[in-house]
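Think of it as A, B, C, D, E and F in the order they're written, each chain with its own count starting at 1.
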Amino acid sequence: MKYNSDEHIDDQMIKIEVSLDDMNPEFYGYLMEQLFKFGVNDVYIVQVIMKKNRPGQVLHVLCREEIREKVMDFIFQETTTLGIRYTPYTVHRLEREFIEVETEWGKCTVKIGKRAGKIVQFAPEYEDCMQLAKEHQVPLKWVYDQAKEKGYQWLNEQKLLE
Amino acid sequence: MKYNSDEHIDDQMIKIEVSLDDMNPEFYGYLMEQLFKFGVNDVYIVQVIMKKNRPGQVLHVLCREEIREKVMDFIFQETTTLGIRYTPYTVHRLEREFIEVETEWGKCTVKIGKRAGKIVQFAPEYEDCMQLAKEHQVPLKWVYDQAKEKGYQWLNEQKLLE
Amino acid sequence: MKYNSDEHIDDQMIKIEVSLDDMNPEFYGYLMEQLFKFGVNDVYIVQVIMKKNRPGQVLHVLCREEIREKVMDFIFQETTTLGIRYTPYTVHRLEREFIEVETEWGKCTVKIGKRAGKIVQFAPEYEDCMQLAKEHQVPLKWVYDQAKEKGYQWLNEQKLLE
Amino acid sequence: MKYNSDEHIDDQMIKIEVSLDDMNPEFYGYLMEQLFKFGVNDVYIVQVIMKKNRPGQVLHVLCREEIREKVMDFIFQETTTLGIRYTPYTVHRLEREFIEVETEWGKCTVKIGKRAGKIVQFAPEYEDCMQLAKEHQVPLKWVYDQAKEKGYQWLNEQKLLE
Amino acid sequence: MKYNSDEHIDDQMIKIEVSLDDMNPEFYGYLMEQLFKFGVNDVYIVQVIMKKNRPGQVLHVLCREEIREKVMDFIFQETTTLGIRYTPYTVHRLEREFIEVETEWGKCTVKIGKRAGKIVQFAPEYEDCMQLAKEHQVPLKWVYDQAKEKGYQWLNEQKLLE
Amino acid sequence: MKYNSDEHIDDQMIKIEVSLDDMNPEFYGYLMEQLFKFGVNDVYIVQVIMKKNRPGQVLHVLCREEIREKVMDFIFQETTTLGIRYTPYTVHRLEREFIEVETEWGKCTVKIGKRAGKIVQFAPEYEDCMQLAKEHQVPLKWVYDQAKEKGYQWLNEQKLLE
């Protein structure tokens, strides 16, 4: 497990931001993929308007302070930026639990999020649903919906939703 | 009045950010409407690019530290997120004052913003203009422009713009 | 005058679209500037999500059919694309007229748009307002608002707004 | 009923586009609301980058050819544009049907879409779900998910999903 | 080869557009991947603002008329839409040619685009560069730049750039 | 020189954010141009979705704490906002160096970025390339690519890339 699965507040998080206005857009796919390998928590790209009519990008990376240096080294190496900025964030994360449900096309993991012990989030795993959709040539949305439905049934049986 | 109408610097503000990549876009309208009822200062959505070609959203909520917990509870309840991040911001707010002007279609509030006692902002209230535009079947832009013009006349008479 | 200033419907317009996912964002400023020199009617950039997590751009150029070939040659030359697509559009353009108003900081052109002889649009020219704002060190918004106000006064005197 | 509820192909549709770079963003809410009253099929705003570093908007309106003139009149009246462009589109629309399901919080409409008589779409109505969520103070997502689940049960009972 | 590699003008292209305001953003990755398998020419997502404050998406698919029906069937099946619109486009495509260059880390394909027999485009293949970057643990940008440089050398030797 | 050209970490940076939902988009060009004159480090615009279906903008300005007050005064003066928020950021900036290369069309500056003495960034200056492209009527991309190539040759001769 890469993350603490209990509910917790993490005040050692860092948001890294990089303004990019001269990088080949093809590079972002590789960049995101590699950044997740470093164990960062989140990566996303905001398309912005920069000076001189440039359709720029701001890369946002959320990670723990302890890997910040390594992540920044990588960003300097792989992007075209001359400066990286960062600021601390606090993150409140829910308790996470995984259950497995049986759909008519096969097993699917469902991720559960709990706040103070109570279930508040509940979502089938995309990768599992996609695998089943591909194998059985059924619409992804049908698989996803059924996984969700089966999950609700399980929760009701366990009396976890009152 | 929900806010301090004098010019002030508020260093107890919090920016809450929530990365969402699996939520039905229909839910945002309700979410924003409800968040404003909690007394948050600002809410906006940034459309971003997340991993695996997902057109995600980052919800930004600006609020006072004292309501942060309540707001976060609501966000966990109404969105699909498993984590919420936040960081402190300082906000400099202008003195606000409201005057009423008379357009040819009826009364309209005009909001004034003052910096060190001097008027720097000056804008007709959208809701009033829209009401008059609807009732009198005139273009909203005509109503807005006239309300602004009448406001300037009042300011000139009061010798508030030198 | 580069354009027909009477109200008219132009059914010889072409919308050119170019999907770009590997071009340095710095190049767009030059590209737009040059495209306008060819006499195109409009140019804008839409930031989009392309395959493989690429923050791509779709360049949109609106021009008359008669200059399409020349414009496309230029786009092939200056961008990185291997294909350009286009489709016909019809454009309804209002009658345009320019008047000059006198603000307290100097003269400013105001553009008027007429539909069936009746004024429906009315806007100070940005470049003029900006020049006055720079020279007199006054907020651009003050200059713009006053130019608009003076324009309305002129229209009222001429009984052009009833 | 404002629309043909059988599956059909409509080759009399028009896409209207309006490039706006000098309009108060507050006006869009009113504009969209009013456009839907004219019976247009779809309205959306694309945020784009225009010349001179302007964060412009392109308003897209999809409507039937027979109301195009009326819609364009309204757009000239309510926006700041001097030109409106349009081009024909063909639309393939699914057969639509509405059923009503009973959730634990009350009734909710579910919209069904059929392709060649077979159900392919299936979605609870947002407005109904939102009403129930507000009245019963339950998360909107819970209501939406349950309405969907109940709908699936009904479809299964009717043997409409094989 | 899936496409005509000579320069040509294709007037049998179709742009398909789908407005989506209630679909899980996770589904787009799968959707795009599958659409390319059908042989469509381009797919991209435009993030837009829809009614009721919805951060919607417009999916754009460019394909040949002959596969339009199959593509639309798939879109109805995999997305949540009740209507798909389309309009014809003409596409001008350059002649394409592929050469292979030798970088210090290995071979890399370079794609060349020709207009009337003259080279106007010239770009290393992303997938090749990425492979080399991963294998040799060098920055992707270094690999890409060197592949481009080697390609220019080859072109100069062949006297293809005069 | 306006900035420290050695590699350094600057923990006195401030990110200023301004949410704007009622400003004429034409004003942003002037605003950005002027902000850079104050010596701010970066300015960019994020297009967002605000309440009531408003296509708003969030202006982001990165500057040193010591000019924050002056910059905020200017923003209050030139925009329509009633409140400006800010938060501290730390910025890690690379060592910067400029070399001059000789292309077949003339001289061009190339900017180099160094991390711990080692070259990691390397990019031709846009303004120089654009000037040469205009004067010699050659594609900007050709000029840019050649300037980069010449720079690499120089680095190799100096044995700066091992």
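Going forward, a residue touches a chain if its C-beta (ideal position, glycine included) is under 8 Å from a C-beta of that chain, and two chains touch if they have at least 3 such contacts.
Since the structure is predicted, the reported quantities are computational estimates derived from the model, not experimental observations.
Could you tell me which chains make contact with chain C and chain F both?
A, B, D, E
With centres defined by CA atoms only, which chain is the most remote from chain C?
It is A whose centre lies farthest from that of chain C.
Please indicate which chain is farthest from chain F, where distance is taken between mean Cα coordinates of the chains.
Centre of mass proxy via C-alpha means gives D as farthest from chain F.
Measuring from the mean C-alpha position of chain A to the mean C-alpha position of chain C, what distance in angstrom results?
40
For chain A versus chain E, what separation do you get between their C-alpha means, in angstrom?
Chain A and chain E have C-alpha centres separated by 26 Å.
Between chain C and chain E, what is the separation of their C-alpha centroids in Å?
From the centre of chain C to the centre of chain E is 29 Å.
For chain F, which residues are shared contacts with two or more other chains?
Residues 22-24, 26, 28, 32, 45-47, 49-53, 55-56, 77, 80, 87, 120, 126, 139.
When you draw the chains as points and link the ones that touch, which shape shows up: line, ring, star, complete, or other?
Here the contact pattern is complete, since every chain touches every other one.
Once bound in the complex, which stretches of chain A touch chain E?
Residues of chain A touching chain E: 23-24, 26-27, 30-31, 77-80, 126, 130, 133, 139-141, 144.
Enumerate the contact residues on chain C facing chain A in the complex.
For chain C paired with chain A, touching residues are 20-26, 28-29, 32, 45, 47, 50, 52-57.
Applying the document's contact rule, which stretches of chain D touch chain E when the two form their complex?
It is residues 13, 15, 28, 32, 36, 41-47, 60, 62, 87-94, 96, 111, 113, 115, 120-121, 123, 126 of chain D that touch chain E.
Taking the touch rule as given, give the residues of chain B at its contact with chain A in the complex, in rising order.
17, 19, 22, 46, 48-52, 56, 58, 72-73, 76-77, 80-87
Mind listing the chain E positions that touch chain F in their complex?
49, 51-53, 55, 120, 139, 145-146, 148-149, 152
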